[in-house]
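Read from first to last, the chains carry the letters A, B, C, D and E; within each, the first residue is number 1.
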Amino acid sequence: MMLEVSLRHDFGGFALDAAFTAPAGVTALFGASGSGKTTVVNTVAGLMRPDAGRVVAQGEVLLDTTAGISLPPNRRRIGYVFQDARLFPHLDVRANLVFGARFAPRGASGPDFGRVVEMLGIGALLERRPGALSGGEKARVAIGRALLSKPRLLLMDEPLAALDAPRRAEILPFVERLRDAGLPILYVSHSVAEVARLADTLVVLGEGRILASGRAEDVLADPALAAQFGAQEAGALLRARVLGTDADGLTRLQTATGTVWVSQSAPAGSELRIRIHASDVILAREAPQGLSALNILPGTVEKIETDSGQRAWVQLRMGEEAILARLTQRSVSALGLAPGVACHAILKSVAVARDDLAQTHK
Amino acid sequence: MTGLTPEEATALTLSLRVAGVAVLVSLPVGLAVAMVLARGRWPGLWLLNALVHLPLILPPVVTGYFLLLAFGRKGPVGAFLEQAFGLVFAFRWTGAALAAAVMGFPLMVRAMRLAIEAVDPKLEEAASTLGASRLAVFRSVTLPLILPGVIAGAVLAFAKAMGEFGATITFVSNIPGQTQTLPSAIYTALQVPGGDTTAGRLALISVIVAVSAVLLSEFIARRVAARIRGA
Amino acid sequence: DEVLVFAAASMQTALDEIAQEWHAETGHSATLAYGGSAKLAQQIAAGAPADLYISASTQWMDSLEAAGALAEGSRRDLLGNRLVLIASTPGPITPEALPDRLGTEHLAMGLVEAVPAGQYGKAALEHLGLWQTLAPRVAQTDNVRAALALVATGEAPFGIVYATDAAAELRVHVAAEFPSDSHPPIVYPVARMRDAPNADAADAFLAFLGSAQASGIFTAQGFTVIAAP
Amino acid sequence: MMLEVSLRHDFGGFALDAAFTAPAGVTALFGASGSGKTTVVNTVAGLMRPDAGRVVAQGEVLLDTTAGISLPPNRRRIGYVFQDARLFPHLDVRANLVFGARFAPRGASGPDFGRVVEMLGIGALLERRPGALSGGEKARVAIGRALLSKPRLLLMDEPLAALDAPRRAEILPFVERLRDAGLPILYVSHSVAEVARLADTLVVLGEGRILASGRAEDVLADPALAAQFGAQEAGALLRARVLGTDADGLTRLQTATGTVWVSQSAPAGSELRIRIHASDVILAREAPQGLSALNILPGTVEKIETDSGQRAWVQLRMGEEAILARLTQRSVSALGLAPGVACHAILKSVAVARDDLAQTHK
Amino acid sequence: MTGLTPEEATALTLSLRVAGVAVLVSLPVGLAVAMVLARGRWPGLWLLNALVHLPLILPPVVTGYFLLLAFGRKGPVGAFLEQAFGLVFAFRWTGAALAAAVMGFPLMVRAMRLAIEAVDPKLEEAASTLGASRLAVFRSVTLPLILPGVIAGAVLAFAKAMGEFGATITFVSNIPGQTQTLPSAIYTALQVPGGDTTAGRLALISVIVAVSAVLLSEFIARRVAARIRGA
């Protein structure tokens, strides 16, 4: 167990009561604005002392209010990428970056300076002061600074929110590589795409409470949580193996219950994680005819959640895994959907969320 | 200007030495007290705070008289210090430095304290997550950020030390070549009929020296502040 | 050897000159630390390394004597002085005319409770029956020179100072001299300190203060020399 | 002409030289981190005085360095939602919100307090100070504060970056309503989805220069810019009219060159803007057979851009409009694609980007 | 404590009045000067800066003498003020207040200036985009943010005013009931053999009054600062 967190705190007006455990890999902390994510992360870092709480990282008790234990932040060896960058205004970018290095224990491992600078694209900024950086540049330097302190655990509070898509696409694989190198990461994000791509474990916070916590695949496929992720963003993950690429450029994947085509190419035999937006799934009782080329997967309705509007979220079980579909409540009754009913999912679109599953530590 | 008599020249160098030593020696103490006052949360802190303000509140003569009673060779503290460390303040330039340091202390502490209170604790938190101990945080984050305040405090104390008269003359008297600082010399000159011009000349020298110091330090402080703001 | 002399500030001009003469004659030098008589006495009581103390009033010398700080038998009255009424404009006036002439303006004096010149002045005014009337119009300063300055700058039309001070300031005019019986005798006592670090040289300087040379300088400044007993 | 901006500034290490005009509606400013977006916005607001520049808003010259004109920020009446929230720490949320109201000219129009508070979901925070707000809460208060100053022009620098998808989905329609009420908005964003939804005009900045500027549809369909938007995000917009909803819940849309089905429902006759990710488009020389239910649109290749990798971006003209497709360079040559070649676009997925086109001012 | 003679009681109330008026009147001026020094970018600013520091550098007696020469009834400024506004400083408590204000001015300005320099200009920019004029920005953003510094400056000046003696007595001398402040009374007592106890008693009163003021204002400043930090 890499990280074990429980805390209770009353801000007066907002009360937090949350407990979760995070195994190795990336644990994403997801939740609406104001749900308590930063508070949790601050508690792990030692910057916030909750009314009651306990934090254990890699077997070491960092905080235990009942036992009166509270390690100061500097003895926790936890890197923290703050939601606001918090760069040191009196130091230039280089000095900000290397700030933590001299405090790291001799044997600690971590990426080296040149590597980090190159990856984050901040080579041209090294002599500047934070006051002369743009929003996104600050965010990148903050990531580098936390990494170069060679932490044993990394907290990232919406680290990519200020970055553009191409830059994000460059940094995400870097984060993945850190994870693969064995650095446990607690990652706060509002982006389901980021979570789908990075997270092994997903913890969902809502108004100070844990709404769900578990394997990312399971949590994302829970219809009861779909509203949390947003109507456009909700969707499940499926594991798949690459069968090969067809002449028309589409790649054929083998999932638990059927074949699926995606437009990204990937080497045959590799393992993927694909993301299926709930809004891209159409359900039909009968296998549709005349749509042979389409992605159609058979499954069984497991759960149906309705919201106060006209929306319904249907979870379709497919062996070990499950996908999520967004329908109108009218459609649910028209189709006679209910738990246990067998039906077919027509996938209008499928995206590869993570393409290196085969190499991961799991 | 050049018409400085040897005694006056002595008074000037003595004043510079006194003010310099007073500032240098009280700087670390002032910084520590400012930190405690700005960050401490003990119930008895108001007493320390009141104590620090005392030299400002009391007429300088009274402060000087207290110093004389306490740090004189017959005073309890003075006798102890002389016995234990051979440190004598009474009627020495060291005593003038002590008086100047005491009189400038509230000014120094206040400036530093304001600066400390303006530091964003979030930056210090960030440093601690990067592994810096409390001392390291102070050295590498807090201190650089409060540098303009520290300089301001030192300048105020230096200026005050250059001008301090009441407490000094009361504590260490006005012995030419030993404890006669520039202000004492000015006072002495003012006691002589027709001494106004001498006094004016000495005052001008004092002003030129102190103002130069003030402006120089201002200049340094501005540069430091600009560096912090980052450009 | 160096003699350290603690002396009342009002004697500065004369003593500086005498010390120079002494140095020229004997090769010894005297360091003169000037200040208020009270302050100097307090410092001596607290252990100041003074050899000689010349006070502008008897009371602080008395208190040092009572404390046993003086060298036995070394105390004597060195000088006397006279108290005068000064004005910022020329022309004699009698002290009795002061209340009328002052109107709403002020009479400058040393602190009447603390500065010797002020104490003598108050006694004189009391003796003349003027104190009650004049008291609210008296502007007191922490030393005689400041009182002199008030008159010299014209801020106060009249003041009471020593004749020695009046003589040295060209912008003021002596309007009247107070009768010597209107106030306690003005004397400047001198004594060697019991713990004097340089007792021998101090005695020599003490003796020199009584010399004809010194007397000449004192007299030129307006002091009256009190003959050695 | 709502806004006319031109500026030249040398930061020493970074030089900006940009000019664009923005008609009414929402103008999105898009560009990589550090490309100069905030600098442009600061210049419009009057917080930054460039080496040389000219800003004209609604006919009034706000800045003209050659003429020596520079209106102070408070006389520009430009609301600014900063990239960092910049709330007043000494005021509670309510006082922050109403700060600007007293300075607004008597006749100025704008949404009222209750409306803004409700829309931003900050009713419970009114008595709190900014120090006790979460990152997203701060961002929302900052939006409200700028709006309630009743500006004649609104600058928004990545206003939604700190917000979760459901919250963003609530606020976006609010921004749209402001636009429809006639408030011109200059909107900095990294999100192509946001831009596609909001922007009438799109200005793309790159390293201090204007890479493109024009109608959002045209700029998004430019293959030369696709890399700027990100491989996953690039894609064009099409205008469409709703024909009706079929029995299976799919809505039929009429585009310039053919019929398209989407899963969102919309009233028949309304006008929509649909977004087609370039990665969701497959090109074929012949109309594919056996895929009758699919969205297939005919068009003509107009431009092809290749990048240093193996990627190619193909722009397909469809009458007045155009869409973008992402292919491998190998596919381009295999299919023999070249400007002027007629082909068919198979749309794997179509999303409604803006659903109120019929009501807009345009 | 209760054994305060009527004259001593008068001196105490006079001291409070003098210190209070000195602080209140110099506050806006000090604030303006602090703003100019902190934000101004004119070449001649160093002169103003030097001028502000002068009362600190010069022995108080010299400052008092300058005041006498300038603000006395025969002085150029004093004569003008009397003619134009009927404002008289010489031998009045107003003169004592002027002396106290001048002596406390460098302390006040420095504290305020440090606070102003610590204000994040980005917040002021934000206010201006919301339509606030420079004056409105100052009133509604800058001033509240520097309030702890303003209070600190006022406290320093008040404490100094309570203790100021040298410049005051030189400028307005010591007229019981009109210009005899507590420090003058203390000084007088110290000049009389055996006056130590009276001086000590008066000093204690002065300390109690001023320390109370200091602590009260500290308390207020802390609350203000806590409000700004936001909780």
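Convention: contacts are C-beta pairs under 8 Å (C-beta built on N, C-alpha and C of every residue); 3 or more make two chains touch, one makes a residue touch a chain.
The structure presented is a predicted model; accordingly, all values stated were derived computationally and were not measured.
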Which neighbours does subunit B have in common with subunit C?
E
Co-neighbours of subunit B and subunit A - touch as defined
none
Outermost chain relative to subunit D, judged by CA means, is C
If you take the mean of the Cα atoms for each chain, which one ends up farthest from subunit A?
C
Per the C-alpha means, the centres of subunit B and subunit E lie apart by a whole-Å value of 20
Taking the mean of the C-alpha atoms as each chain's centre, how many Å separate subunit A from subunit C?
91
Rounded to the nearest whole Å, what is the centre-to-centre distance of subunit B and subunit D, using the mean of the C-alpha atoms as each centre?
60
What is the distance in Å between the mean C-alpha positions of subunit A and subunit D?
26
Sites on subunit A at which at least two other chains make contact:
84, 128, 132
When you check subunit C against every other chain, which residues touch at least two of them?
42
Among subunit E residues, those touching two or more other chains are 61, 65, 166, 187, 190
Can you give me every chain pair that touches, using the contact definition above?
A-B, A-D, B-C, B-E, C-E, D-E
Which residues, counting only subunit D, touch subunit A once they are in their complex?
11, 13, 31-34, 37-38, 83-84, 124, 128, 132-137, 139-140, 157-158, 161-169, 190-192, 227-233, 248-250, 263-265, 279-280, 282, 284, 288, 290-294, 327-328, 331, 348-349, 351
Within their complex, subunit B touches subunit C through residues 61, 65, 68-69, 72-75, 90-91, 169-170, 173-178, 180, 188, 190-194
Once bound in the complex, which stretches of subunit E touch subunit B?
46, 49-50, 53-62, 65, 106-107, 110-111, 113-115, 117-118, 148-149, 152, 155-156, 159-160, 162-166, 182-183, 186-187, 190, 199, 203, 206-207, 210-211, 214-215, 218, 225
What does subunit A use to touch subunit B in their complex?
45-47, 72-74, 76-80, 82, 84, 86, 88-91, 99-100, 103-104, 128-132, 145-146, 149
Going by the contact rule at the top, pick out the subunit E residues touching subunit D in the complex.
122-123, 125-134, 136-137, 140-141, 144-145, 227-231
